[in-house]
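Structure below; questions to follow.
First chain written, first letter: the chains are A, B, C, D, E, F, G and H, and each begins at residue 1.
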Amino acid sequence: MKINVNGKAEETAPCSLLDFIHQKGLSPEGIVVEHNHNIVKRKTWQDIQLQENDNLELLSFVGGG
Amino acid sequence: MVEDKLSIGNYTFTNRLFTGTGKFASKSLIPEMLNACGSQMITVALRRVDFASKTENILDYIPKEVTLLPNTSGARNEHEAVRIARIAREAGCGDLIKIEVITDMKYLLPDNHATLLATEILAKEGFTVLPYVSPDLPLARRLEEAGAAAVMPLGAPIGSNRGLETKAMIEILIENCQIPIIVDAGIGKPSQASAAMEMGADAVLVNTAISSAEDPVTMGRAFSLAVEAGRMAYLAKMREETKTAVASSPLTGFLS
Amino acid sequence: MVEDKLSIGNYTFTNRLFTGTGKFASKSLIPEMLNACGSQMITVALRRVDFASKTENILDYIPKEVTLLPNTSGARNEHEAVRIARIAREAGCGDLIKIEVITDMKYLLPDNHATLLATEILAKEGFTVLPYVSPDLPLARRLEEAGAAAVMPLGAPIGSNRGLETKAMIEILIENCQIPIIVDAGIGKPSQASAAMEMGADAVLVNTAISSAEDPVTMGRAFSLAVEAGRMAYLAKMREETKTAVASSPLTGFLS
Amino acid sequence: MVEDKLSIGNYTFTNRLFTGTGKFASKSLIPEMLNACGSQMITVALRRVDFASKTENILDYIPKEVTLLPNTSGARNEHEAVRIARIAREAGCGDLIKIEVITDMKYLLPDNHATLLATEILAKEGFTVLPYVSPDLPLARRLEEAGAAAVMPLGAPIGSNRGLETKAMIEILIENCQIPIIVDAGIGKPSQASAAMEMGADAVLVNTAISSAEDPVTMGRAFSLAVEAGRMAYLAKMREETKTAVASSPLTGFLS
Amino acid sequence: MVEDKLSIGNYTFTNRLFTGTGKFASKSLIPEMLNACGSQMITVALRRVDFASKTENILDYIPKEVTLLPNTSGARNEHEAVRIARIAREAGCGDLIKIEVITDMKYLLPDNHATLLATEILAKEGFTVLPYVSPDLPLARRLEEAGAAAVMPLGAPIGSNRGLETKAMIEILIENCQIPIIVDAGIGKPSQASAAMEMGADAVLVNTAISSAEDPVTMGRAFSLAVEAGRMAYLAKMREETKTAVASSPLTGFLS
Amino acid sequence: MKINVNGKAEETAPCSLLDFIHQKGLSPEGIVVEHNHNIVKRKTWQDIQLQENDNLELLSFVGGG
Amino acid sequence: MKINVNGKAEETAPCSLLDFIHQKGLSPEGIVVEHNHNIVKRKTWQDIQLQENDNLELLSFVGGG
Amino acid sequence: MKINVNGKAEETAPCSLLDFIHQKGLSPEGIVVEHNHNIVKRKTWQDIQLQENDNLELLSFVGGG
């Protein structure tokens, strides 16, 4: 199915948000997720099933002043 | 001397040098620098994960005892600033937020009014808000009323190392505001940080001057000593300048 | 960082703040101040014993490990300066001498030429000569040739706290002299001491700004931190100023 | 050199020194001063008639050829500023208005945001609006969009004679704004007015430094010469500073 | 205002801007510049005739009514300076001489002591001696005693355009010397010339800043206006700075 | 009758605004008038009859920077 | 006999320089002495007998910058 | 004969100083001459006969600050 990740369309098999993050090779710590424009707490990621056309923003902290 | 503490919202600091994580040649310098200067609060920014380059997590380089100060860099208006702040808090970084709303890309000067609007919203939501602004007394008073925990006036454009070019206006903030004044941006030399503290600033935030020094670790230490020196001098009360000389040795001739 | 030592003649110092004994409200503050700032050399003056007021011996207040730097204050010409230097050495204070020849009683500005003449004589006699002068490159070169161990340019009139008003000329000395440059006189704030060190001065001498502070002990500590900060920054190499800003956070918008 | 004119809205000026009518020991000095300096625009304020002291009409002291610039002094918010502007125009002084909204009585610093709001309203009503503000680039851009005819950044607090303490921020306005920048408030010496013009300001407004001088007429003349000098230097393009010397006489020895 | 004249030896000037002939792109600019600024004294140097390039005689470009001030540039010691002075006088340029003894080729700083020695000799020989020196009060007093007609302290290295970097020391000369103080060297902008006059200098000498401007004629005019402005301001007495604001409009609210 | 002038109550006989201004010994030039919160042009002053409880603001230009 | 001490004439009985210094209530440490314009080392003070019209300068260190 | 002019040896026929200066194509105005280390006034140039090994310095004014 098609979902939107950080502004780009991607194909992915149906899975939970947590699975998706692991597929991307990211470690959940220090990542923040907006799922369809709502911030979703880390502990809920495994319960969120990604749907066709979902919109994800995966954010993390970087150096800044 | 009784311990000299700085309170910002519910946070308390004994070291008045705040630092930043931007522009270090290697992230591994950050913990070394923090260890050398003893800074107790450091800024971080938030951006989309870049899948191309698996960048390591900046947080891994910051010792747990150091307080994180997420900034809203990248925000072009109050709405984006508010959104970034909420995400940062959600990320478990606590409720501190440095509001930074910038539209001018050449001098990176803050949008004072948008910053006030974001401050009003976020303070109501329980954030400990540190707005980064051009020094302006009427605005600073509104920030106080809006519930800002401190005011962060710039000394000069970000990263310019030009020093305290807004000195006169910052002095007026210090004299007339109740909340802490933290000089942020533009400080390029320890002597400038010292001068800010001597005139009564409560703290300074230094990033570029440390991270882009040839030896960032030693420079971090230099800034922390300078900040401490300036603070001590402020507390120990310096004498005024005099136009003419004031002898330090007896003025009499040697044999008279 | 390998230990950073300053050699003046045969003397070596690890602390680059030199202090003075003039104008302390109570002499008992001197050892406290020295202990707080770690200064390793301090100036003293020589005068006729005053039988009327049995003044205690200033030397009793200076820890043995601190090097004495007698000055020739009171000298109105090179001959008196030479005489005072010889007496001071005879007194068992070693061969260090700060030459100070002053004729103007309002601004206490040094007589550069008489100071050079005294330097020529005393260097030949084996003194470690530290001449106090108005910053002047051709004169400084003659002092070097004459065997001075360092040059002590003034930043502003003695005790005026006006700071580095001769900055441009001192920078030229630093760039062009081989012997150490010690900024003496006029420094009123730690930030000014820091600035002197940042531009490459080898040390600073501070008396009035410390002794006449409301809290001289804390102020002494403040100056030593500032001097150390300035020195470290000089060694860690600061970046140049830029006219425009240089972002410390990513310049991209938050979600772009 | 082709004549160098300054256009503000529909008004054109050949003299770039604007003046004020405040604080003259005697009103009769005003026309003399105007005659001596050639200023082509002067500020006036509006207040309730004081029946007690039959004060003469200030307008009687201003030659007809000099353009009046009523200010909104006394306004504490945008609404009062708008009201004063409308009254001033009604009084037949034309459509020029200097917006001055001040809430802080110690430093008399302008309320930038209220000034912007008043500018938006009055520009729509066809006024030629000159807002008096603390220098702030994002604000200045909003003033431009709102239809301001010029921006009047302060150099230092009104009447303080402290000079161009906001120099760095004013330079940024000059570089980035399309409408004229008129440095207003704080200028105390002709050299400071000259410096403002050298860096590219379009004009300066000086009141206190002239009216409170011991000889206001001569001082007015001094300021007009300084403003002209600074403008000419800006147009004739000064060379940059160099660190080292650049010989003006041949560098060769006399006979080599 | 009664005419304000400056006397140097037996010479009298009504224009306090002195100029130089060095570094003009074309000599034909010199008379134009002199005409534009009204300078009444201009410096020239003396060198061996260069048979290779038939250089035109610089004197042909200087209107007869302008006083010539030959300098001793090229002199490395007092003897050469004396020799050049004698030759210049023999050449029929009158008895004015600017003593310039320079050994350092990087900053072109004057040798104060050699300059004093040359002054002593030449004053005895009836020259009107203008010594170019680093500002130094004890030296300036000796120059007075030696019969110098004025003292010419440098503001910054020759041709550097760095401005009044020795301001504090020049102010002390102005306050304590009886003979005229003419600020020479380093002045790069009209505002700096104005500032020198405001603090009480009797005149300024400007060469490089004029001759190397993109438009030397207009720049000459700019400097003469600035010098006149600064002088007028000095005579018209400026008010001191104040820390806080001093209202120029009534402080009352609009309707109160 | 009672009117309010520059924030103070005053007694005056019924008259035109222009007459009132003359009574106060003021010359109309350089004076601006708000009559009951409306700015009134000078040429209309003679036609304005003051009424009980009218509110007048008489303003003029003073020195200012 | 009369001697000159720090610019003032004084009466004193014949004695050694060291005795004289003790008479003045001074502790030798930190004092320097010029005897007839020559600096005299401390260890020689006891051997120096003061003579009529001798000139003494007794000096000590004071605070100075 | 050989003379020394501005530090360089030159050949010239015997002549007066004034003639020599004309030969060099110089106009006497604004030129100063040291003849054997003595400054010689312009009016005397025609009377000065150059001798073998004479030393001449011909100087003129140039731009300077």
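The rule we apply is simple: a contact is a pair of C-beta atoms (placed from the backbone, for glycine too) under 8 Å apart; a residue touches a chain by one contact, two chains touch by 3 or more.
Remember, it's a predicted structure, so these values are computed and weren't measured experimentally.
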If a chain touches chain C and chain F alike, it appears here: E
Of C-G and A-C, pair with higher C-beta contact tally: C-G
Euclidean distance of C-alpha centroids - chain A vs chain G, Å: 93
Euclidean distance of C-alpha centroids - chain D vs chain H, Å: 62
Chain centre separation (chain B, chain H; CA means) in Å: 73
Junction residues of chain D, two or more chains touched: 20, 22-23, 43, 45-48, 71, 73, 106-107, 109, 157-159, 162, 207-208, 247-250, 255
Chain F: positions in contact with at least two other chains: 7, 57, 62-65
Pairs of chains found to touch, sorted by chain label: A-B, A-C, B-C, B-D, B-G, C-E, C-G, D-E, D-F, D-H, E-F, E-H
Complex contact set, residues of chain H against chain D: 7, 57, 62-65
Touch list for chain B against partner chain C, complex: 1, 20, 22-23, 45-48, 71-76, 80, 83-84, 100, 105-109, 157-163, 188-192, 194-195, 198, 207-209, 211-216, 218-219, 221-223, 225-226, 228-230, 232-233, 235-255
Residue numbers on chain D that touch chain F, as the complex places them: 20-24, 27, 43-49, 51, 54-55, 57-60, 70-71, 73, 86-88, 90-93, 158-159, 185, 205, 207-208
Contacting residues of chain E [partner chain C, same complex]: 103-104, 106-107, 109-113, 116, 134, 136-139, 156-157, 162, 165-169, 172, 176
Chain D - residues contacting chain H, complex: 247-250, 255-256
